[in-house]
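Below are two complexes that have chain A in common, paired first with chain B and then with chain C.
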Partner chain A sequence: MPLQLSPDRWSNAENYREVFRRERFARFLVNSALLATVSATSSLVVSALAGYGFAKFRFPGRDVLFFAIVGILMVPFQSVVVPLYLWVNRLGLLDTYLGILAPDLVSVFGVFLMRQAIEAVPDDYLAAARIEGCNEWAVFWRVVVPAVAPALATLAIIKFMWTWNEFFWPLVVVNSPAMKTVTLGLIGFTNMYFIEYNLVTAAAVLSVLPILIIFLVLQKWVVQAAVMTGLKG
Partner chain B sequence: MGRWARLVLPRTYMDRQRRAGFLFVLPAVAYFTAVYFVPLVESLVGSFYRTLPGGASRFVGLRLYELVFTDSAFWNSVWNTVKLLALSVPATVVLALAVALGLDRLTLRWRSLWAAMYFVPFAVSLVAAALIWQWIYDPVYGVLNHALSLVGLRPQQWLQSLDEVLPSLALVNVWARLGFDTMIFLAALQAIPREYDEAAEIDGATARQRLRHVTLPLLNPHILMVCILELIFNFKIFDQVYATTQGGPAGASQTIIPLLYDTAFKYFRLGEASVMAVFVFAVLLAVTLVQWRIFRKPVEY
Partner chain C sequence: MRRTTGGAIAVLAAAVLLTTALAERTPAQAKKLVYWTHWEQNPEFNRWYETKGKEFARKSGYEVEVVTIPYQGYEAKYLAALMGKTGAPDFFNGIAHQWCGQYDFCDRMPPDLEKVWSENLPKYMRAWGQWRGVTYGIPIEHGNFQQMYINADLFRKAGLDPDRPPKTLDDWLAAMKKLTVFDPKGEPTQVGFAIRHKGHPVGITDKFLPFAHAFGARMISPAQDRATGVANSPEMVAALRFFGDLVTKHKVASLAFGNPEDAFGQKRAAVIFRESWYFGWLKKNGPDVSFRVYALPCGTSCPGAGNLFPWSNLVSKASPNKHVAWDFLRFISNAKDDLEQHQLQGILPVWAANLDSSYVKSRPDYASTKEMLAQPVPPNYYHPKSNELATAFGEAVVGVLYGKGQPKALLDEAASRMDRILKE
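Up next is the complex of A and B:
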């Protein structure tokens, strides 16, 4: 059989239609978008708060706590997955959005990134706001958050992408088709004996598309994100 | 303890500041305690207990460790992981170094083109990438065998062959990581002052000598860092294996994390899976400690 690299007709969308017919792929896309958005948001809030606390305050145990959190970077997720699964099961969260999100709500990288970014905010800005009568909560929202907006954008993009591409944990906690994410949906088109490559590739393209759109729209921030993760490992 | 009491009941302005700082980090600390620290301890404890049918568990000491460490399937997966590391880590590092050295001499335009290419594996999920690679590798419909046939070579079985499955998966990993590593090397190269290279050139060193005695020694810490990052990435391989070979054929691509997954969530032997979890943690901890040891000495240009 001669191999043909270009399609017969460029307007042929039959494979894409079949992807949506065969599996609830639209639902998977919505699930992934929802999960990634929530995890990016929660990650932003918690990381920025912690970053401010670690960067601009002194309190007993601060450095120990920070190093403990950074130390998590060397704990592979697979080392905690069994107890985590048992907890999610006990709490009745298997096969729920909250259960899928549980380990993805905050990432160590986010806390680290925000601490670095907030450390660079001049103390004078904070002092000025305090003299003007802001309490710490107001200083955080009115001075710190606007000052580190670029780092926040970077973190949001990275976290969205990580959750979107997450595979191991959803595989563990998801049972029903309605709760599947895009990555789980992808392997639905394969089995050991026969693989319909036309559907697999169409689905793979669909899974990459949202990320690609984010790239095009937020190009400037993405470059920064890539450089940062590249340098930080 | 007085200073802890004053976190709860602040008396002075400084007390209030301390409490504010503590409250700001509290959500993150609580979250990581619940999701990482507690489960990590539970994994350790769980590796000494056997779950009985019906849900009760019994303390069995090191019995589960004995069970796992005498299991040939476990050692097969460790051996496969080591083979995968040996195949992909040196290849990725050497290639990335070569590309970075090349890009370092090119103009900004070319470098940004590479940066754009680097985004592709950065953005695509490993699952989607692995499935596309599976298509490329397909013995009948794949592009790779088609290319072989064009130059008159015999078709190969790739992912379906006992001998070729690990090299094939290694190639996917090289592809997935090349851009990332290149970026690290490129950033490091551009941080080296040009004067060193120029000084060596004036002294009459050839390009090859300059590379060997000036550039590479200065890059040493970055090479080591990338090696360790790649070691960790390849050691933890799961998505690619699960999406394509599922450890097959005949266990030839069963690596450690997929085995852990099967043990825990296919056969529900949670105790044995906990032993593997402890093993994985111990190995990565050792790698990280070695890394710290070596990196303690900073390099000065």
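Up next is the complex of A and C:
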């Protein structure tokens, strides 16, 4: 069979139609977008506050606590799935948005990233703000956050993409078709005997579109995200 | 700054509103039995449980809810839920030696139901659903063993008679040679045999085992306590050499051909060994392939009807509804329901009497299935660590196919690893 780069018919959208006929793919896209948005927003808030605390406040055990938190990065997620599942089940959150979101509301990587970024903000700026009469919240919102806006953007983009691509936890916690995410929808075209490549590839194109749009709109920040995480970690 | 804060709050508020809007209202619920399955390829078969559950609800008050889980990763989900006990299914599709043997998640089948099934299953399926002689599960798919699918047109084109398939491995190899077509550079453009060479080693082991059994070899000892001297026996070495030679020496199978099912469906391969489900797949994906199904060819032995994946319906020991789950399984344990459910999906029923039903007789694999069942029952490997064992073994098969070593050396290494797994 000779290889060809261009399709026989550009107007053939049958596989895309079949994707929507077979699965509730629009719903999966909305679910993933929603989960990724909430997880990115929540991680931004928690990470920025925690990073500020670790970077600019001195308290007993600060470094030990910080390294303990960062150490969580080294624990494989698979090893905590069963206890996490038990908790989520006891809280009645199986097959709910909150249950899917639970492990993603906080980002250990985000805490690390924000601590590194906030450390670079000169203490003199903060002191000046306090002399001007700002309380700690005002110092945080008016001085620290604007100064680390690029790092926040970096974290938002990375966290959105990570959550979008998350497969294992949604697989464990989701039961009903209505709660499925894009990754679970994609795997629905694969079964124990065969892979429906035509549908998998069509669904993959659909699933990558939102990420592509984010990339195009926030191109500057995405590049910066890659640079920042590569340099400072 | 205020705009940024306001923006974040707006995003969160919108998300919360959307979450609330999307949350599907569940009506006042009837009591439910929850069934988990990873058989995504059989949606009609799965849905039948819900349909039948409605009938069952009239006498018990319990309906059946089917949760279909992606095959890629179903074990992790099963494990998390069954270990957690709550949030687990009441009954599920699984393998007894794993979920009842390796783990202890299954409820023992009530004696009356065990009697019904032991009297009505084909002989080769009786070990399914059992672990150490105790019956836990009801087998759900007959015909889950490989048979030989041939492309009748390609046979005719090669001067072979599609009504007289090769019966021995020697004849089969001779036919494969005639069915392979090479380009001027010596690369096959059409192969005799569609070989499985990619994917998980367990799947590769599964596809190699009929050859091993045809050579009189077996993967582990009958007592399931050792592999050395068995997995690397002279018979197994000969079988693996034969299998590897299909690619490297005779070139009647090719690693350049990707998915074997696709190659057969695209008429680029003349023969494939697959289970009864493949007939349905072919009808959908290769409707113009004129095919026949025959029993696998024999070597010193006949491969027989065997498999690595004896799927059964199992009941969770921790389920508060386990007695109701058994009641439901008892409710559907009869010839009529068995035939109805399997026919809906186009797969073979398990009730022995149904194997001579008009539905089964009308299938292209009717005669070959009978012939396969008449062969001696091959060894089974229903060990709790069958996946680990088949993975270690499959890596030796892959090694030979890709020219990474000689069969004997690779099988010695695999047998040693398998012994360690068996001793754990």
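Just so it is clear, the second predicted complex is superposed on the first by the 221 of 233 C-alpha atoms of A that agree within 3 Å, B and C clash if a C-alpha of one lies under 4 Å from a C-alpha of the other, contacts with A are read in each partner's own complex, and residues count from 1 in each chain.
In this text, a residue touches a chain if its C-beta (ideal position, glycine included) is under 8 Å from a C-beta of that chain, and two chains touch if they have at least 3 such contacts.
Fair warning: this is a prediction, and the values are worked out from it, not measured in the lab.
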Partners on chain A (chain B, chain C) - clash or fit: clash
Partner with the higher number of touched chain A residues, chain C or chain B: B
First (chain B), second (chain C), both or neither touched by A:178: second
First (chain B), second (chain C), both or neither touched by A:94: second
Chain B versus chain C as contact partner of A:120, first or second or both or neither: neither
Partner chain(s) touched by A:128 [first = chain B, second = chain C, both, neither]: neither
Which of chain B and chain C A:38 touches, first, second, both or neither: second
Which superposed partner A:26 touches (first chain B, second chain C, both, neither): neither
Partner chain in contact with A:194 - chain B first, chain C second, else both or neither: second
First, second, both or neither for A:85, with chain B first and chain C second: both
Partner chain(s) touched by A:142 [first = chain B, second = chain C, both, neither]: second
Overlapping contact positions on chain A, where the chain C interface meets the chain B interface: 78, 81-82, 85-86, 167-168, 171-172, 187, 190, 192, 195
List of chain A residues in touch with chain B within their complex: 3, 5, 46-47, 49-50, 52-54, 56-60, 62, 65, 68-69, 72, 74-76, 78-87, 102-103, 105-106, 108, 111, 136, 140, 161, 164-165, 167-168, 171-172, 182-183, 186-187, 189-190, 192, 195, 197, 200-201, 204, 207-208, 211-212, 215, 222-223, 226-227, 229-231, 233
Residue ranges of chain A touching chain C (in the complex, touch as defined): 1, 27, 30-31, 34, 37-38, 41-42, 44-45, 78, 81-82, 85-86, 89-90, 94, 96-97, 141-142, 145-146, 167-168, 171-172, 175-176, 178, 184, 187-188, 190-195
Chain B residues touching chain A - in the complex, by the definition given at the top: 3-4, 7, 17-29, 31-32, 35-40, 42-43, 46, 115, 118-119, 122-128, 131-132, 134-135, 138, 141, 143, 146, 180, 183-184, 187, 225, 229, 236, 238-239, 242-244, 246, 248, 257, 260-261, 264-265, 270, 273-274, 277-278, 280-281, 284-285, 288
List of chain C residues in touch with chain A within their complex: 1, 4-5, 8, 11-12, 15, 18-19, 22-24, 38-41, 67, 69-73, 76-77, 79-81, 83-84, 86-87, 259, 261, 266, 268, 277-278, 281
